[in-house]
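Here chain A shows up in two complexes: once beside chain B, once beside chain C.
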Partner chain A sequence: MIMMTNRQWLMTGAVVVLLLMLPLFLPNFWLANILGRAMVYGIVALSLTFLAHYGGFISLAQTMMAGVAGYAVAMMAPTAIPLGPLAMSYGYAIPLAVLAATLTGALVGLIAVNTREIYLLMITLALAVGFSLFAQSNTQWFRGYEGIRNIVGPEVFGMPFRTHLVFYYVALITAVLMYLLVLYVVRTPFGLALQAVRDSARRTSAIGFSVALHRIGAFALAGFIAGCGGVLITFYNIGITPSSIGLWPTVAVLIMAVIGGLGHPLGAFLGALIYAVMDTFASSIIGHDRFNTLIGLVFLTIVLISPDGVWGIGKRLAGLGGGKEPITDPVAKLTAGGK
Partner chain B sequence: MTSNSALPTDTDALVLTGVGRRFGALAAVSNVNMTIKQGERRAVLGPNGAGKTTLFNTICGDFPPTSGRIHLFGQDISRLKPHQRARLGIGRTYQTSLLFTGLSVLENLYLAVRGARKGRFSMLKAGPGDADVAYARALADRVRVTQLLSAQVDAISHGQRRQVEIGMALAGNPKLLMLDEPAAGLSAAERPELVALIRSLPRDLTLVLIEHDMDVALSNSDIVTVMKDGVVVVENTPDLIADDPVVQSIYLGGGH
Partner chain C sequence: MSLQFILTVTLNGLTLAALYFIVASGFSLIFGLMRTVNMAHGALYMVGAYIGFAVFDPIYGSAWSSYAWPIAIVAGIVAVAVLGVVMQVVFLGWMQGQELRQALVTIGLSIIFADQLLANFGGSPFQFFAPDLLFGPVQVPGIGRYPVFRLFQVGLAIAVGVGLWLLLNKTRLGIMVRAGVDDRQMLAACGVNVPLVAATVFALGAALAGLGGVIGATAQPMALGVDARFLLISLVVVIVGGMGSIGGTALGAILIGLAEQWGQVFFPTYSVILTFVIMAAVLAIRPQGLMGRKVA
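Let's look at the complex of A and B:
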């Protein structure tokens, strides 16, 4: 269904099997606090990579969309402290929260529909910061500075969500599904038209597509992806606060996506992994106060050496190793016959 | 062609009534009246800056007219957006190729096919034996880019891009096809192929052609419109237009 060559399928399958088996080898800390965390933040970064690579939109509103889902699930969570007036079971709260993020994505797309490049960046940044400040000052629903606590997530097969294994596997499955979703959608008429808008908006409308609707649709899908990440991040943090969706977390998602490489959906997860590793171990090496310096230097180095990030380095290394781009059947690539 | 009273009829493919387009103080096109019959081949000639491409853009909706009305088969399209006009049956090419450079030739053509019908938002991939993909392949055959189906558009030559452009303009089975200098930048060897392609178009298709190459323009049109400084100066049949003193002074007089 999804366009990959046999070799790529084989490699993807091997990586997924490896990730599935990792709990046999790795300590819980690595599973949940490094890999699990990288996967849930990677989903939010993926939402940005999807918009940037296939639509040509650099948006800073992805953390905000994730935050909308996080706050929505927190307000509706049956375990929330303080308990909200909308409390319901997680079975309803989670899909509703993702829906809220999807609608928020569409709304951001609608607001930014006629802006490009630096103006799009500014508008989405303003929306992100505005939402965070709103959450901080609204005490009735968003519980102000304190946020909403004890969002522990549903039980899965009778086990608490926060069990390392449960969290790891749910994060892994969601991340793989989102990754495959992006790879699939970009080969459908909707996804192809999105890339068409990126390459020439004028020509896209000249063949009958509404450019505005496609942009809004792309932001809605990005909101859906970010929302799935936002719900999991809220479970990971056992709650949500305004500072977790403020300026720094917003920029952090951009850093993850750029470090990993905006040229491929995989880059989002690579970048999130590097970020998580550095965030965790920087304190023991150079002290926690210096984390920003360190991540800034890594960011600078990677952007200077390889503008398409770690993924770009990997791609060039694979090219050096004599791995040739396989010749693909163009029709198979476009139709479900493609492997 | 000068009165505003002539109401558009069913056999009129395109009727422009007092169409003008201003950019600030600059009147790029002013008071153009034009009636193009269904199945007619119309060439638009004129020196650089005459307003030919601007006129195209007002018809296709990229720059809607600032004055006047445009009727397509009797329907007023003056205020419609470009994609709405495309759905009503206008296909066009651009002076400089505007293609989706990050996609393959087949994907460009396939998108042009999908843009012409419902399901533009479809998030389902085409199945095996999909009719739209098959049609996109047939278009590739027609504009002779079959060998390039999987090539990414930014890797193909200028001449091949021109052919893909025409294939995309034809994808929606347009009733009105507008070609903006299709021969521009083509080699002498590529031109006859283009002319053959234009001649092979179905006879009921209405064609409007901007062309600098007089031979290509005159040999492929029923009526020629000559523009200068944003206004129509002469409209006549090809055999008479070359002898027109006004045309000779502005077009041929310039050392052509």
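Let's look at the complex of A and C:
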């Protein structure tokens, strides 16, 4: 059961209906290149927010899990250039790619099972950058620098996937499903135990839960979510290259999640939207090509002033939940107390 | 596989390890004392190389060309050390203890540094020319001709390692640093100016990244994007070797350097994986790193 008050259900429903109706008002550019893009990257950021908020893990391996799904779907895609030996229809390729990302998530969780906080951040970052370097140096399967092109996605109701409307609606539906999935999972016994592990691993293991299994399970679920996002991102970019999963794309997902706010799953999408808007209009704000300086400054400002992100700012402004909720945001928690 | 080949690959691995050690020891030093994971370490490496080259290029074209390289080294070190102090004093010092937040701040800074380098210096690759003394090949027994600069790299790494060991173990500053690792509050209560010690250590750690930048860009051409590589190397070396231990960093650097070179011999397109197999194996068996102390 997804726990939301009637008011929250109503708000969620209203937002979804609004998003469904947006194609009536907005030009195609906004639909696909800003909102659609924000949603597919937001899904990857959501997997990070899920791990950070409910598990206490700031994982930088989420882009890597998305990249595994992206590469897997690219290797198996029937339209790929160059066509791989595994080519099959998208109907099989997409689920297998998401499965690969889920397993990768579990593997990352297994490797990092005994580490937390800053060590986890370092290890997941090393894994992520290492994977992109591997993809870059491997010409046999990953096609080196060039990557794999022309991954256009399946046809939906006879229309090409890259049609603005099709892409927008698929991205929207997937994003909403993933969001609801996170809200559902955190109320299941697994999700509750995961939060208990976050708050006190020792006590949770003392009452008989396997801390390691819950950690690995959380990473596998995050891999599943990131994998769904990764497949869509690969369709959005019409292919995948090692540079699209390197250090900066990895950091970009972290930036989205932190700017939006790690304290709520919606923060991921909020952050991804802010990122996409700034990326698109940066040239008119700060001048040609200096997007990275701008986003770096915004990120730095958020981390220095409001570590719980735009979501946290909004929450404080609205005066919602003041004092009712314990601080569970990992960054804010560290801000409050340190070690 | 001839003996000469085996020796050459091994020596290649060791010279690479020397560069890795110089860079990663700075990362490890900062982490060891301040628990600050400096995600901008790769960016600092790049800043050192670019500033060094900005100083090197005009001098190399002038009558003073033989002094260009040493001056570039000093310029790279000083510029990055100053940048390190600014980072510590302005951003990191007052959020001491909030490790994740510090890591996020340094990530933000590294994005800005890398982008500003691109804006000010452009993206074209460049390379330092080593002074005549360190240029060209030399006869090495069992191997034949070998670039003398790469042997110099090994010598420099050993000097850095010994210097750091002496500094940490035989000087007053070293005593304060080691005391700070164990208990910062007690150290402050003893009347030591802990923020000053922290700024000094950060300057030193950053300076090593700057030194590594100039050395690395002399050995191989420098281009944008190496910041990711050297941040990765620093992370992996320190994870494998153990946090805050000079010996561990050296061991980690040697392991990774050799693994990279031998990996390319045996399975060229999969050699990166070997590095990560080593990392995962160390994490599974000794999570604190090969020579790390158990985290309290």
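FYI, the second predicted complex is superposed on the first by the 315 of 339 C-alpha atoms of A that agree within 3 Å, B and C clash if a C-alpha of one lies under 4 Å from a C-alpha of the other, contacts with A are read in each partner's own complex, and residues count from 1 in each chain.
We adopt the following convention: a residue touches a chain if its C-beta (ideal position, glycine included) is under 8 Å from a C-beta of that chain, and two chains touch if they have at least 3 such contacts.
Just so we're clear, the structure is a prediction, and the values are computed from it rather than from any experiment.
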{"item": "Touched partner set for A:T139, first chain B, second chain C, both or neither", "value": "second"}
{"item": "Partner chain(s) touched by A:F299 [first = chain B, second = chain C, both, neither]", "value": "second"}
{"item": "First, second, both or neither for A:I111, with chain B first and chain C second", "value": "second"}
{"item": "First (chain B), second (chain C), both or neither touched by A:V258", "value": "second"}
{"item": "Which of chain B and chain C A:L24 touches, first, second, both or neither", "value": "neither"}
{"item": "Chain C-contacting residues of chain A that also contact chain B", "value": "330-331, 334-335"}
{"item": "Contacting residues of chain A [partner chain C, same complex]", "value": "58, 111-112, 114-115, 117-119, 121-123, 125-127, 129-130, 133-134, 137-140, 246-248, 251, 254, 258, 289-293, 295-297, 299-300, 303-304, 307, 330-331, 334-335, 338-339"}
{"item": "Residue ranges of chain A in contact with chain B within the complex", "value": "1, 184-185, 187-193, 195-196, 198-200, 202-211, 213-214, 217, 327-331, 333-337"}
{"item": "Chain A partner contacts - residues on chain B that touch it in the complex", "value": "60-62, 81-83, 86-87, 92, 94, 98-107, 110-112, 114-116, 119-130, 133, 137, 149-150, 168, 171-172"}
{"item": "Chain A partner contacts - residues on chain C that touch it in the complex", "value": "35, 37, 39, 91, 95-101, 103-105, 107-109, 111-112, 114-116, 118-119, 227-229, 231-232, 235-236, 238-239, 268-273, 275-276, 279-280, 283-284, 287"}
